[in-house]
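Each structure below is given as structure tokens.
Heads up, the next two complexes both have chain A, just with different partners, chain B and then chain C.
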Partner chain A sequence: MNPTDASGILGFLTADGFAGYGDAAVGIVFLFSLTITIIGGFMACNAERLVRAVAGLALCFIGIATIYYFLNSPLLSMMQLLIYVGAVCITIAFAVMLAAPEDDRKHGPANALGGPLGLITAGLITFALIGLAVNTSFDVLPKENMGTAKQIGIELLTTYAVLFKLISVVLLIAIIGALIIARQGRSK
Partner chain B sequence: MSILNLHNDLNTYLILAAVLFGMGMYGLMTRRTLIGMLIASELILAAAAINFMAFNRFTAPDPTVGQIFTLFIMAIATAEATIGLSITIAIYRNYKSVDATDIVDLKG
Partner chain C sequence: MSLTILNVLAAVVAAIAFAALNAAYLVWAERRGAGRIQRRPGPNVNGPFGLLQPPCDGIKLMTKQLMIPGGADKALFMVAPVLTMIPAIASFVTIPFSNTIVAHSMNVGVLMVIGFASLGGMAILFAGWGSRNKYSVMASVRSVSQAISYEVPLFITALTVVLITGTLNLHEMASIQAGGFWNWNITPSLSSPLMPVSFLIFFICILAETNRAPFDLGEAESELVAGFHTEYGSMGFGLFFMAEYAHIVIGTSLITILFLGGWGCPFGLYPGVWWFLIKIYFLIFSFILIRWTFPRTTIYGLLNLSWKVLIPITLFNLLLTAGLLKVF
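So, the complex of A and B:
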């Protein structure tokens, strides 16, 4: 990054100028995605109304999708948008509309861990995990391949073929079970 | 290390996953409604998936394994959300409430 050869203050918008600012732009986009992930997670766990919590969850998942992109996996990034933001958040929003009346909701802590004690517990767990992660040195092994979408497809249909079939059975059972459970009481 | 180079560091992702995990734990403990608890558990699963992807990117020799594991986490989380929400709706139909403190019929 060399600001002196950029032409004027908007020089980074041109192609030549942008090449110089490339790393900085990547860093800024990463900081932005970190920020929206944290803000979304905070909304999801702390918002008073459930609809806002669902909106925060969607924001958090969009941030996680960009973070997957930074982790060299565009396929997973798109899957995250498709499955979590597109399907799971919409399903939760439907359930909030069907079964969470806002007018007769109760206030105050639900149990002994509901108030500040819960915050302290979660904070202690977080700091323990951060300390463990930062103070451990991990062995970096040389890469055998690039992990592209094509290689993921080949691995899914050869090494992990049984898991691939099992996961489809699990999803089928989940769909049938959800239909049966939610249908009871509606038949009459 | 520059703040603009954070995306090339394993610790950034691990700290982010730990923070998301803590938020999910906090939500699980403080939420009154079943749907709020389900949202918090989604945060915990997302934190686990970020950890898998981070180790997959920085340390693992075969980068396809972590991505496939994360895909399976996504599938299981989707199934869990579907079943959990349908149970929530069934509970709401019987109890006219989704508050976890109201559903105590089996409590001794």
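So, the complex of A and C:
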């Protein structure tokens, strides 16, 4: 028995596994993942209660994880689930619970960026992204590796070693910052 | 390997049936065990040895009215019990019960189980916040902070095992340990002399992750009523209860695969699904024994144990194993 990720019970959910079912089935699974992501995004932006916004964010991250799985990257998909839903969303939820009570929240436009300026910014970004999408030619590239943990690890420590180091420096700064804030809180 | 939608449905139904059956009868086993330890009979009226008690409880829970407290966040309140059950069912997909009984042998199996387990934290937070009850909120914050603290040593210990076996695939991990007790990961070897310690830490972390006594601070009855599911009645509560036992089954399965050789026999005889079941039920029995033997700790003692004792030991163990693997 040689287990691979493109076969077995869940294998049919990936693009490779769905090839046998025709383009329509591939499209349906992709659209499903996309819909989850977009619904989650709208919930995060438009929710009246902060906790629901966090729930929307979690849904959005789960949608992105399914897209990763669909694209034959199970490792990235699981990491997305573990880090963004399991850690980032929970941290945000903790922060929301420590914030002001729900009853005291303000209504109406937040600030200048929330009004017409925000609309213009959003419009420009949408326009730019559409332009980018239309003008890019999407070629089907040959598969370089299977997206396995080993391959990603080797790439991170050779080709992308500098980026890897930079990310760890950023994380170190974040940890030091958190420690400094926590220290000040204790002496008060 | 040909597969159809029917295969998928069969696997899903089997996973749900296994989880539900275990949840129902582990409750019975726990109550009988508690009774025996506390020198009272436990549920013994319905059916032989009280074996019909779980279906009776199920009928009672399902026929009760679903109450939603006034002012609660309805959507979050309803979503939370479902969200706590999904990871419990989903994790069964990649767990190999024997060499052939596995729904989908993923190459990132360990990550999948741990990733889905981390979704449980969101469910607990939603349940606590959605109930609009300060005890529920406090309990959910406690539960989640405990879960996050114990996830760290759990991951690092799992990483140590991954280093030794060289794979993230649960099926391969168990296959490597085939051939008897001395091949299991729990026995110390030249490149991993601290494996029994790792096993103990992993066991403690699973105990804490599944919110079992002595780590059941989230539902310390004397302080927080019933914890984050105080406001839940009928099947909402039933789902939380079932999920707890499903989590225990998955946790013990993970211990079995990572340290106890999966479906292998200690003497190399007749490997198969029966050895897997014997091992997980032995571990579950020890969970029940521990719950009714030890008193509850305090929340600070609990968090200190994780951050000041377990994490330094696991980090040291990881570095030692990595170094020794390079040498030998």
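For the reader, a short list of remarks on this structure follows.
In this text, the second predicted complex is superposed on the first by the 126 of 188 C-alpha atoms of A that agree within 3 Å, B and C clash if a C-alpha of one lies under 4 Å from a C-alpha of the other, contacts with A are read in each partner's own complex, and residues count from 1 in each chain.
The rule we apply is simple: a residue touches a chain if its C-beta (ideal position, glycine included) is under 8 Å from a C-beta of that chain, and two chains touch if they have at least 3 such contacts.
As the structure is a prediction and not an experimental result, all values here were calculated from the model.
Counting residues of chain A touched by each partner, chain B versus chain C, the larger count belongs to B. By the touch criterion stated above, A:133 is placed in contact with chain B alone, chain C being left untouched.
Within the superposed three-chain model, A:181 lies in touch with chain B and out of touch with chain C [touch as defined at top]. Legend: residue contacts after superposition of the two complexes on their common chain; A:75 is shown touching both chain B and chain C. In the overlay built on the shared chain, the residue A:123 is in contact with chain B alone; chain C does not reach it.
When both complexes are overlaid on chain A, the residue A:87 reaches chain B and chain C alike. With the contact threshold set out at the top, residues 75, 79, 87, 94 of chain A are in contact with chain B in one structure and with chain C in the other. Remark: chain A residues 23-24, 26-28, 30-31, 34, 37-38, 41-42, 44-46, 50, 53-54, 57, 60-61, 64, 67-68, 70-73, 75-76, 79-80, 83-84, 87-88, 91-92, 94-96, 98-100, 104-106, 109-111, 113-115, 118-119, 121-123, 125-126, 129-130, 133-134, 138-147, 151-152, 155-156, 160, 163, 167, 170-171, 173-175, 177-179, 181-182, 184-185 touch chain B in the complex. Residue ranges of chain C in contact with chain A, taken from their complex: 1, 3, 7-8, 11, 73, 75-76, 79, 93, 99-100, 103-108, 111-112, 114-119, 121-122, 125-126, 129-130, 137, 141, 144, 148, 151, 168-169, 171-172. Put simply, chain A touches chain C in their complex at residues 1, 3-5, 7-12, 49, 51-52, 55, 58, 74-75, 78-79, 81-82, 85-87, 89-90, 93-94, 97, 148-149. In the complex of the two chains, the chain B residues touching chain A come out as 2-7, 10-27, 29-33, 35-36, 38-40, 42-43, 46, 49-50, 53-65, 67-68, 70-72, 74-83, 85-94, 97-101.
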